[in-house]
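Inspection log for the structure reproduced underneath, given as structure tokens.
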Amino acid sequence: MTGHRNSIIFWGGVAVFLVAVLTMTQIVRNEYPFFAGYVILQFIALAVAWSILGGYAGYVNFGTNAFFGVGVYTAVALFKATGAPLVVQIAAAAVVGMTLGFGVGLLTLRMRGIFFSIATIALAIIIETFVMNWRFVGGAAGIQIQRPPVMAPFDSYVKMLFFVQAILAVTAISIARYIQNSKVGRGLQALRDDELAAECTGVPTLKLKLIACMISGALISAAGAPAAMYLQYADPFSAFNLTYSVSALAMALIGGTAHWIGPVLGAILLGSTQQFLAVTISSEVNVLVLGIMLVLFVVGAPKGIIGLLRPRYRLRAGGKP
Amino acid sequence: MFSIDLLLGAVVLGVLLGCFYAAVSVGLSVSFGLLDVPHVAHPAFLVLASYGVYQLNESYDIDPLLAGLAITPLFFLFGLLAYRTYHETFEKRGSDAAVRGIAFFFGIAFIIEVLIILQFGVDQRSVTATYIGKSWRFGEMRIPIRQLVAFAVALTLTALLAVYLSKTFMGRAIRAVAQDEEALRLMGANPVRIKQYAFGIATAVLGIAGALLIIVAPVEPTLDRAYIGRTFCVVVMAGLGSISGTLIAAIILGVAESIVLTLFGASWAPAISFAMLLGVLAVRPQGLLGR
Amino acid sequence: MTTPAATEAPLLQVGAITKTFGGFTALDNISVDIRQGERFGLIGPNGSGKTTLINCISGALRPQAGSVIFRGEDITLLPPHLRARRGIARSFQIPRPFKSMTVLENLMVGLDFAATGSRQPEEEAAMSILTRMGLAAKADAPSNTLSQVELRKMELARAMAVRPKLLISDEAMAGLSSSEVDEVLDLLISLGEEDITIIMIEHIMQAVMRFSERVMCLDAGKIIALGAPDEVMANKRVQEAYLGT
């Protein structure tokens, strides 16, 4: 019963949020809030998507940047080749991200823990190297993107991107929430705790890991797809920047990965702090803050913000009562 | 374009490069290979050492190798501190340690990177010494003396560490703690202290390795990212914890990189170590040279 | 395979299994049939291959040669989760709880993924298993707060949640006090009475004697004795293997 009521509250919240976002794009004149808001929404999507694999399944993916960059360059290549509209670019990025996720999922067959993490870094660098040598999309020098005309009801492209990213973030959250409450979520939690015990209790671990990798990958790539349009530019170094990996991981762990709300909180907190610091001090300092917060939280608050807010989780972490 | 001479030159340079890679990886071979700590920040400490050497060389005109030696005690302390923190917060508590331990070192690496940027900026830095900038000729081949110096020092360093681990009492204790912690505890030794000490040694070695890094080529703050691939590639390929294996694996990597560089150009070089690493992890996670 | 005698065929047929690790032979050509409803004891000194054998049966390891046939079906190549769904459940020598979950949630994993054809609501089913195991009071306790004996019981309860036809208990009594040993043993015996076939690995001889209808003793990867408990205990080679020569 409470599950049903929760669903009504959740979807009501989603509807209110999207309507509010849309209304905001129609009323607010100044473009800056949309520029900043886009980045925060993007981080929400990344952190939530990351935690499907990293949080639920316990496989620490350092290759968020690989998926992000693949999303960016799928969109760029498609746009340059066919002039495909943004929706198609995003869909294509999701498909490519899902395929890459399948590949990463197969890696989990042979490796876990630090080996898996290192392998995902390796994947990111290898893909980046290929893109750097890919002339069609500008190689290492990067490529300028000419935005197409904006579609009604929006009066600026950035506002439209803001709305699109809001939908992507909400999609990521809805999927993460669905997984968390489903059998798949319980299976992932079991295999995170103990893969062999999970297998012997009937959990199809490989299948679940593949599902988690593919969904996580598709969502990250989709969130990255509009980035080229947002910046009107793409180059391999920024698209495959390791900062995306650290950010996604840090926001998820700082928020807490036991519940989908954790990464959302982490992304809002860190994303807005970063936006503020980047404007007031420097972009280096905001990356520093990210690193320090990450270290402080993994050392001092293993369950993240939601662990601090909900004493039940603290009790769990505390050992024998 | 392709010739035997060219290939031979690539192999020779590759061997020199490989020995240098052994020197920068050998610490990780102890901390990750033997002690099982997911030390992703190892390359970040390496680059930090290079900047320490740069600072001493720039301000006081100290020879980079001496500067590297001078900062080893400091790095030893860094190592003690890093392991102590890792042990207290992750190893001891056990639960969920894997995920958070990796994230911890990842965070540390990032902090080091940004601190370097804040202090030194993003530009490349290099050191000066009498042996930098000259080269020897062997017929058609030109070998920069900085490469030879790095080669000689790297080989010495790796050999010294190998001897230390196999011949001294403490070295044997470190190997023992990697194999059977419980047995050591029963013999009255404190495994945590031994591990902490070993981690200190592994980090101290980075003082010299960092000097070699900046002698071989200029450094920049994000250079550690490329070395995540190289060092882990070498250590995993070597079979975790084997010092002689580290040397062989490093030479294999050095030669492979050097040949690819010669045949396909520099833009493909960064992917070599990672591709090899991925291949090794996928096919033989126990390492090419291990068991 | 369509003969009416299928029910009398052995539940589990282990056929000439060999498992080596590098140069070390952990199991050397082991063949044994386990009958439906049997209480089967598996003994042997440390390193004799007991756990390797049940790893091959439960699917955690794949033997180099030989076959595992369960209810007439060759399952040698199946991954563990498919064996669990066919009714093979196990506990572990060193307990492996899902430590971020409560006791009840631990059981829900098995009910969610392996138990088939039960019409009972899951939580009710989990509670009734816990009640049987004497763990009902701990249902909502985080599994990382349990005592040793509770952990052992929870592992058996989780295995029961798989709705097994064959339950393999790997030293479920190790490290327990003698009254706790009796408690767990009584549980296992009562499970055996509901037509669950049980393989029990155990070092505690009184427990093996009291529990088993048949006992098999392994030494260095070979079967050195197989038969009624007192026969096996009286066997000279078994005594040598245990006492050393």
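The letters A, B and C name the chains in turn, as written, and every chain counts its residues from 1.
Keep in mind that, in the parts below, a contact is a pair of C-beta atoms (placed from the backbone, for glycine too) under 8 Å apart; a residue touches a chain by one contact, two chains touch by 3 or more.
Owing to the predicted nature of the structure, the values given are computational and were not obtained by experimental measurement.
K.L.:
Taking each chain's centre as the mean of its C-alpha atoms, which one lies nearest the mean of all protein C-alpha atoms here?
P.N.:
A
K.L.:
Any chance you could check whether A-B or A-C wins on number of contacting C-beta pairs?
P.N.:
Between the chain pairs A-B and A-C, A-B carries more contacts.
K.L.:
From the centre of subunit C, which other chain's Cα mean sits the farthest off?
P.N.:
In terms of C-alpha centroids, the chain at the greatest distance from subunit C is B.
K.L.:
Can you give the whole-Å distance between the Cα centres of subunit B and subunit C?
P.N.:
47
K.L.:
Express in whole angstrom the distance between the two chain centres, defined as the mean CA positions of subunit A and subunit B.
P.N.:
For subunit A versus subunit B, the centre distance works out to 32 Å.
K.L.:
Where the CA atoms of subunit A average out and where those of subunit C average out, how many Å apart are those spots?
P.N.:
Whole-Å distance between the two chain centres: 42.
K.L.:
In subunit B, what residues contact two or more other chains?
P.N.:
Touching at least two other chains: 95-96.
K.L.:
Can you tell me which residues of subunit A touch two or more of the remaining chains?
P.N.:
none
K.L.:
Residues of subunit C that contact two or more other chains, please.
P.N.:
Subunit C, residues with two or more chain partners: 99-100, 144.
K.L.:
Provide the residue numbers of subunit A that touch subunit B in the complex, in ascending order.
P.N.:
My answer: residues 54, 58, 60, 62, 107, 110-111, 113-115, 117-119, 121-123, 125-126, 128-130, 132-133, 140, 242, 246, 249-250, 253, 284-285, 287-288, 290-292, 294-295, 298-299, 302, 317.
K.L.:
Looking at the complex, which residues from subunit B come into contact with subunit A?
P.N.:
32, 38, 40, 85, 89, 93, 95-96, 98-100, 102-104, 106-108, 110-111, 114-115, 117-118, 222, 225-226, 228-229, 232, 236, 267-268, 270-271, 274-275, 277-278, 281-282, 285
K.L.:
Considering the complex alone, what residue numbers of subunit A touch subunit C?
P.N.:
Going by the criterion above, the answer is residues 183, 186-187, 189-190, 192-194, 196-206, 258, 315-316, 319-321.
K.L.:
Going by the contact rule at the top, pick out the subunit C residues touching subunit A in the complex.
P.N.:
That would be residues 58-60, 79-82, 84-85, 89-90, 92, 96-101, 105, 108-110, 112-115, 142, 144-145, 158-159, 161-162 of subunit C.
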